[in-house]
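Across the two complexes that follow, chain A remains constant while its partner is chain B and subsequently chain C.
Moving on to the complex of A and B:
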């Protein structure tokens, strides 16, 4: 145990909690922004004021931009792409990782390839994907899949490789078959790492799709902000970016929740994620 | 027996790598004999050398490295500085972290359109995106390191009479270094991805532009060459940061973890 939960020496201020300070800061920032904008210190073309952003939000969710594509449709398009690519990656990466991680020579043999494939920036594959599959949904989904795949794969391999030998031996002592040991011992012992990989992969997929949508489509949150940029509608670009942030936050909270639900025994998960 | 196993592993590594290249060449010459769609490794190198001079290639590489160096340096310095400040001064931390935590879930690449609106199509917008890619991981890891420091280390230092800035710089910051190192490594890989994406979407030079331009003129070989070059650059720079800087500076920390 290197560290404990309590932090550095803290001076507690009576009366004002951490949350209250944050709330006041936020309100103050918004007020300052609105005031500076109204007094003419910030150009509305560069940084529209908060009230303007609120009315634009209404326009985006009712009338849409480009015409008739409301922000909800953009979100649906983005989410659907993520779901496809992400699930495909998970379906292939988890079994591959479990197998590779259990065989030393296989692990060594694939290691340089995996290391290199991970270093290839997923976005850099976009031109190749376009050359092969055109500017299509397939290209987008495959790129998400590529980005997510290696993150899940490497984490699964790490997990499968470092399953406690004593656990496996204990299983053998109870005369469990190889298949039974695999499903009842190795798989559960690897799950925390698989979830760590799934989490990282979700962040990567989200990042990849936003960038990929900026090229060659009008549907999706990335397309929304890029189109807004073309038409110099900074209020729409900012609102779109806010939506992306909220969506990213929801996705990561969702994964936290799933993790707690499926891995109630993994309380010290912080220790494993390395 | 252990060394024999290690040697086997090393042989497996190399043969896996060579097998892949061989397989690539075989597929390209036997199954898909169309170099304009699926060039093999030999065609990739040959065709790239025909279309590009080495000087031009190095120029693109240099510009990319310059951008990422500048953006990453600003991001890392600000990330460490603000992370340490937010961890040390509680009220300041609460105030500053409010906007930072709000902006953190936005992927850096989502800032590209706004960066272009604010900073134009010049170098500024690219450096800004790379900066964002580095800043958030460095900041969050530094802050996490500051707040999860072993309290007994601080207590013993206080007992020995250290306080104020000396306590911060001599004890607390060094104890946070492993987390800062994690942040720096993460930040580098994020800013690398950001650099490629930013150059792909809005640039007239750099590695990202090189491959996007190659697609426009329809030379698949250059695209593949560029992808490999980007991957190798990422791999090498990451290795340099990890092995030469972080491991050397933090030998005391990594020694402990490797034995465990």
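Moving on to the complex of A and C:
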């Protein structure tokens, strides 16, 4: 039987867990990097050594950059913008997608518009957003929403459109009203695709947020990286990037967890049995 | 047989599917037959002979282009509580456990939680699935899924069970088990059964009467009353004679 990703820790003959192997590998790479840097093979201007990144991180979390805006405040600002834009996108895209996907004419009619809107790179709308809403939080949140919206919408439409007709017939045979068929058959049948859309949208949100934070604000990880660039502080830019990665990883894991909780019937069979 | 005895009456039903050319789009042409109360009727025929279309029209899932279907003398206007359906591929709701699938209908009717749980427990026992109540459909074998599907249909306590090739996707041994199970349930809870299949053996084994459908356009070619006592022996000479006659009728 195949072992699921988060099954019991696998132990090798020497009693080392999978997690320990990953940790040792990472530590080894960092050590190698540090050593090459100290021996002069890597210029600290091009790639600062790990210990330098660590001390910069300490400065960032205690004193902040610009002064008093600590890395935690940057993270909070970025996270808050993503949460607002992403949730707004989900709240509008899921109901719209379910309805469009269930009405053939609506789906055919909106199809070119949606394909067009989805193909427009969100960042190219930045000047327009600034013209309409100024260099403001609203502009930033709306751009994240725009980027996330289409991914969730198109996936929800696809899911709603391809619900097994026999399941709908079963709903009709077993006394479900139109409303119940919508909420108890079409919605749950579409959920796996909705989650697929939500995952893609999360990635898009991260691309959009960093770009929109590079303009007109000093708060946020994107702003931190931009500021670091102005002052040629590559160690700070790298620290900011690492945090973006960690934040993205945590949010993805959170989404996976919500999915497993919501769709115990759709995830791997072994996990269901446990 | 007088009109009053008929549970289901199909009267001059034709079905033309939209958008297809008339030569091939005519799925059913002027089909008429009746099913008596508690009778077990099987419909056999090649693929494309309109037998599933016929069942869906009786179910109320499709409207006939011409003619009408009467249940207890009243015309069918859509799905109703007097009919329960067992679909070809079980078509269980994958997000509901076995017992929740069985409770789906009663829940829509507003049966209180305790009562529908009790009802579903009884049906789980009827279809011999004790211990599998909490399993999701994908964790069940094909045969078990069809047992749940039968229990789900029985949960509405319909007068008529409509079955659309329910055992078609099962392996031979499971299929024979399910045929015996179905007869046991049918004999215990008198129901009128309309059973669509492409297996002649299955039809002769199960049914009181076998309707042979022919394609292009779909119509009844011949009708057989199976005068054999149950349980029927599939290897008996009488059984084989019915098999050969029906085989010939299908052509």
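Methods note: the second predicted complex is superposed on the first by the 240 of 274 C-alpha atoms of A that agree within 3 Å, B and C clash if a C-alpha of one lies under 4 Å from a C-alpha of the other, contacts with A are read in each partner's own complex, and residues count from 1 in each chain.
Criterion: contacts are C-beta pairs under 8 Å (C-beta built on N, C-alpha and C of every residue); 3 or more make two chains touch, one makes a residue touch a chain.
Everything numeric here is computed off the predicted structure, so don't read it as measured data.
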| item | value |
| --- | --- |
| Touching partner for A:188 - first (chain B), second (chain C), both, neither | second |
| Which superposed partner A:238 touches (first chain B, second chain C, both, neither) | first |
| Larger contact residue set on chain A - chain B or chain C | B |
| Partner chain in contact with A:18 - chain B first, chain C second, else both or neither | first |
| Partner chain(s) touched by A:180 [first = chain B, second = chain C, both, neither] | second |
| First (chain B), second (chain C), both or neither touched by A:263 | second |
| Partner chain in contact with A:172 - chain B first, chain C second, else both or neither | second |
| Partner chain in contact with A:61 - chain B first, chain C second, else both or neither | neither |
| On chain A, positions contacted by chain B and by chain C | none |
| Residue ranges of chain A in contact with chain C within the complex | 164, 166-167, 169-170, 172-177, 180, 184-185, 188-189, 191, 263-266, 269, 272-273 |
| Residues of chain B that touch chain A when the two form their complex | 5, 8-10, 12-17, 19-20, 37, 87-88, 90-91, 94-95, 97-99, 102-103, 105-114, 116-118, 146-151, 154, 158, 172, 192-193, 196-197, 200-201, 207-208, 211-212, 214-215, 218, 220, 223-224, 226-228, 230-232, 234-235, 238 |
| List of chain A residues in touch with chain B within their complex | 2-11, 13, 18, 21-22, 25-26, 29, 46-47, 104-106, 108-113, 115-117, 119-128, 130-132, 203, 206-207, 210-211, 214-215, 221-222, 225-226, 228-229, 232, 234, 237-238, 240-242, 244-246, 248-249, 252 |
| Partner chain A, residues of chain C touching it in the complex | 56, 59-61, 78-79, 81, 83-85, 87-89, 91-96, 104-105, 108-109, 136-139, 152-153, 156 |
